[in-house]
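Both complexes below contain chain A, partnered by chain B and then by chain C.
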Partner chain A sequence: MALLEISGLRAAVDGKEILTGLDLAIDPGEVHAIMGPNGSGKSTLSHILAGRDGYEVLSGTVRYDGADLLALSADERARAGIFLAFQYPVELPGVTGMNFLKTALNVARTSRGESEMDAMDFLKFVRARAAKLGIDDDMLRRFVNVGFSGGEKKRFEILQMAVLEPRLAILDETDSGLDIDALKVVAEGVNAMRGPDRGLLIITHYQRLLDYIVPDHVHVLANGRIAASGGKELALELEEKGYARFLEVAA
Partner chain B sequence: MPVSLKSRPEPPDRPMLENAMPPPLLSDRHAATAARLPGSGLAWLGDLRGQALASYRAEGLPTRKLEAWRKTPLDHLAGLDLAPAELTAPPAVDTLPPWQRELVQGPSIVFVNGHHHPGLSRLSGLPDGVLIDSLAHLLEHRPALIEAHIGRLATPKGHALAALNAAFMGDGLVVRLPAGIRLDQPLHLINIAAPGAGAIAIQPRHLVILEAGAAMTLVESHTGLGDTAYFANAVTEISLAPKARLRHIKAQLETPAATHLASVTVSLGEDALYDAFTLNSGALLARQETYVDITGRQGEARVNGVYLAAAGQQQDNVTRIVHDTTDSLSRQNFRGVIDAGGKGVFQGKILVKRHAQRTDGHQLNRVLLLAPGARIDAKPELEIYADDVKCSHGATAGELDEDALFYLCARGIPPAAARRMLTEAFAGEAVNEIADQTLRQSFMALVRSWLDTRFGAPA
Partner chain C sequence: MAADIETVEQVQSVGADYKYGFVTDIEVELAPKGLNEDIIRFISAKKSEPEWLLAWRLKAFRHWLTMEEPNWAKVGYPPIDYQDAYYYAAPKTTDGPKSLDEVDPKLLETYEKLGIPLREQEFLAGVAVDAVFDSVSVATTYKAKLEEQGIIFCPISEAVANYPELVKKYLGSIVPYSDNFFATLNSAVFTDGSFVYIPKGVRCPMELSTYFRINQANTGQFERTLIVADEGAYVSYLEGCTAPMRDENQLHAAVVELIAHDDAEIKYSTVQNWYPGDEEGRGGIYNFVTKRGACRGRNSKIAWTQVETGSAITWKYPSCILQGDNSVGEFYSVAITNNRQQADTGTKMIHIGKNTTSRIVSKGIAAGRSDSTYRGLVRMQAGATNARNHTQCDSLLIGDQSGAHTVPYIESTNPSARVEHEATTSRISDDQLFYCRARGLTSEEAVSLIVNGFCREVLQTLPMEFAVEAQKLVGISLEGSVG
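The block that comes next holds the complex of A and B.
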């Protein structure tokens, strides 16, 4: 059974149809990349999957692990194992990174019927994952994303993913605003999460990230639907030739 | 001497129509009480109380016609049939409410209905020369010391409530620290209101005098027992000599039947520090007035607070920081959290006199409105006469950030817990102004218990 199965999804924002019949299936263990020009519906797709308000689903279905994903609220989806790495991570003044991670982890654990992690175990658990992403205790004591550089924000997103260990991770333009060194750190963090039970959906405008996180499947999103699918070589072709031919076909 | 309407002094500008009005709240109870007030045999004190009473009678209880009271009605007090709390016969209160007992470790002095309760107070192990006592006791034994300080900072003229307090004052906390003495542990001033069957007025007068280089932390807590109405009208006078440092941290958790009015007047000497934080979450109506006169060069005033207003509650903060010398600094950081049907008022003023060059003053009042029907009236004011100053103020009011809420929900945190977490973080940014970590945690715990009531337990 597919981990995620989107069928004929049409969705609108403020009465304007953005997704126009999107089909996509991700099996456990697979890494999919969705590439597309600005305005093709990439962010709409990621927000609808994460359960953000303000999007109207006109028709179609989204099944996650066989169940109706759209019937769940954002927090229920997250607890069911869906993770969205934000394109623009949000500042949380007054909430320390450590407190944020601990709250999120313990909510997930208690919802699975597990006990909360005790403070010392949690500290070890987080530090081990943070170190791999170049995040020190000082950064964990700061308020979430407040005064973080672009690279720090994206690394902190990946740390959240590493702590929450989702079954389906959606990375929304995670490469935007990163220099090459930060991109490598982030990519290593993502690659470390690859596994037979986990699905990854990487949403990106540029092919660059896919040099470091090599996808099993690449899809072109144009005018709100998948205009083409292929292997990793499709990403290289897009880099070379651009999106023009897909936009023409779709139009 | 019996008080009648005829003996009431009439200000010349008062319209004839108002002559028929009843005497202002409590003024007709003075005659019967005066003889039993501590220090009633002292002529100077009799004069002070008498002048204060006359001043209060002339001005009356503040009404909404006054600019400073435009948003703060006191009309409900008239319907309470208030009696002055008897200072000679304290009610039997033999245990402290647990939150007050646990708020802070250190010496404590307890006042029940404004009357010193030695049995509950713990004042051992203080350094030599430190004076911590009750006003009532000192009026009996060291009246000259009190005479030299009382009423010097909180003057009755133009402050009807200070006048009312002065007319009835008889007990309260007196602290005097000799030069260079530092108290290692905070002193906890515990206030408990225990009205019996009838509504009472509690009017403590506190004096804090820190001589040169002395330093201490004063923690003040307020609560009440039962559901009978009461009216607390506290006046605190604080005198800080050069290089003295006072941290003044207050938790007001009065009962929902309480009206809690408190004014603190501070005189700040050279290089002295007054660092205040007030948490107001109790009472039907609470009003915290803080007046700081920075008269010494490089004096520093920090006046911060958190106010939490649930349905039916009103929380007021009034500040007035006067920079009356060069190179002084003031900081104000207030955060309000207001629920549907709750109300907040913030009137903050920074006054920089003409000669107060190189003043550095900043004021911030930020309010979170939790639901429709929450109300805040904010009036930040800068009045600057010097030309070389750095002064600013800011005031915001708004709801929780939807993007932040979604971010938390996208990490699995249920919406109610997410709202709670962001509200706690919001208030916490002002609680963080408390310098002492242990106290900071105690006060954060008080904020959390308020949040428990509003939002349920945290995630």
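The block that comes next holds the complex of A and C.
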């Protein structure tokens, strides 16, 4: 059974139809990439999957693990194992990174019927994952995303993913604003999350990230639907020729 | 310790009321409704007070009769009939809960969330109990520790009997009997409260009242607290309780006086969670409090921290009079209002001595249809050479029907003094809520996390064990504030 199955999804924001009939299926263990020009609806899709308010689903279905995903609230989806790495991570003044991670992890553990992790174990657990992403204790003592550089924000998103160990992770333009070194660190962090039970949906504007996170499938999002699908070579083709042909076809 | 003996007696007398009814005891234990000189004489006689204290009470009462209830605060409430109230040992209404089964389930839910033990729940909810609390034995242990160091910590009425010189010297020395309408009323009729004296050079080895929380639950409507830190002494005092407390008396008018001598430090922390009323604000407590500390000595320090989440109306301005050169005053406040609550709170920093410094950090959170006002005065008097104040005043609005207001008064007659004031108003954004919810937090958990972040600077000043409870309380106070 597919981990995620989107069929004929049409959705609107403020009365404007953004997704116009989108189909996509992700099996456990697969890494899919969605590429598309700015404004094609990539973030809209990620928000709808994560359950953000303010989007109107006009028709279509989204099934996660066989169940109706759209019936769940945002926090229920997160607790069911869906994770969204934000394109624009949000500042939480006064909330330390450490506290945020702990709160989120304990919510996740409680919903899985596990007990909360004790303070010492938690510290070890987080430090091990943070170190791989070049995140030190100082950064974890800072307030979530407050004064973070672009790269720090994205690394912190990936750390959250590593700590929460979701079943389906959606990464919305995690590569934007990263220099090449930071990009490699983030890519390694993402690759470490690949596994037989986990699905990854990598949303990106540029092919660059996909040199480091090699996807099983690549899709082109244009005018609110999947305009083409293929293997990783499709990404290279896009890099070379641009999105123009898909936009024309769709128009 | 005597405080606990009194508690036990109070608990037993509550039990007795239920068993035998209070009417038969009326001659001995109860004063009738209303306020007049006879009632005040009765209160004073019941407490076996010395003549000077009765005279002081009467002087206050006569003055009170000439005073008008203040109306400058941004709060509204129907007129209070001061004759329609009990001023001594109000009879317990017979329709009070007989067991926890009869208590509002919402209240019990809150106790549950705060992790309050069952017996304390009964006490807090006003259920008649006749058990002796575990805390009594704990208290006895600590009592010995305190006595060893010459620290006095007892009910104010006991202090009047046992340490009359100390009480006479300091009572009303910071908040005079004529100070304001509510403080004057308190001076006339106060019946409960604590007295603390820390001798020269002594550092109080524990947070006072942590181990006596249960006593605090039964404090009356006219508390009078007096804390004296002698030269070089240090004390941290905790007042209140995170659990919502029910009280049949709607009007509360407490007075707290602090005195810090040379090099002394007093830290006074409050968590106020009196019943706020129902969603329309019906039945909530009116909390009109006068709290003031004097940094009498050089290099002395007084720090107020308050977390105000309860009461229908909060009217309080814990203040510092910075007399001694180099003395320091601090005020850290979180005021959370929800539903129909109204809070008008802040501080006064009166700089008199040289090089005095004060710091004000106020965090107001208003949800529902509530109203939260910060009102603060910073006064630099002529002698306050090189005095400094910094004020940070932040408001957080939740929903679009709540109000937050900042009313700073700054007066300076010393050109070398510096006053800085910063104020912000913000809202919890949809982006923040979604970000947290995308990590699995419910809306309520998200609000709690975000508001706790907003209040962090203040909550950090609370003693550790209180801080944890206060963090939970912040979340609970705002339940239902986002859709």
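Here is the rule we use: the second predicted complex is superposed on the first by the 251 of 251 C-alpha atoms of A that agree within 3 Å, B and C clash if a C-alpha of one lies under 4 Å from a C-alpha of the other, contacts with A are read in each partner's own complex, and residues count from 1 in each chain.
We adopt the following convention: a contact is a pair of C-beta atoms (placed from the backbone, for glycine too) under 8 Å apart; a residue touches a chain by one contact, two chains touch by 3 or more.
Keep in mind that this is a model prediction, so the values were computed, not measured.
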Checklist entry - Do chain B and chain C fit side by side on chain A after the overlay, or clash? => result clash
Checklist entry - Is A:Thr103 contacted by the first partner chain B, the second partner chain C, both or neither? => result both
Checklist entry - Thinking of the overlay built on chain A, is A:Ser73 touched by chain B (first), by chain C (second), by both, or by neither? => result both
Next on the checklist: Taking the superposition on A as described, I'd like to know which of chain B and chain C A:Val90 touches: first, second, both or neither.
Outcome noted: both
Item to check | First (chain B), second (chain C), both or neither touched by A:Ser59 | outcome: neither
Checklist entry - Between chain B (first) and chain C (second), which, if any, makes contact with A:Ser149: first, second, both or neither? => result neither
Checklist entry - Can you list the residues of chain A that meet both chain B and chain C? => result 50-53, 73-75, 78-79, 83-84, 86, 89-95, 100, 103-104, 107-108, 111, 143, 160, 164
Checklist outcome for this item: The residues of chain A that touch chain C in their complex are 50-54, 73-75, 77-79, 83-84, 86, 89-95, 99-100, 103-104, 107-108, 111, 143, 160, 164
Item to check | Interfacial residue positions of chain A with respect to chain B in the complex | outcome: 50-53, 73-75, 78-79, 83-84, 86, 89-95, 100, 103-104, 106-108, 111, 143, 160, 164
Next on the checklist: With touch defined as at the start, can you tell me which chain B residues reach chain A in the complex?
Outcome noted: 401, 403-404, 406-415, 417-418, 421-422, 424-426, 428-429, 458-459
Next on the checklist: Touching residues of chain C toward chain A in the complex: what are they?
Outcome noted: 429-432, 434-443, 445-446, 449-450, 452-457
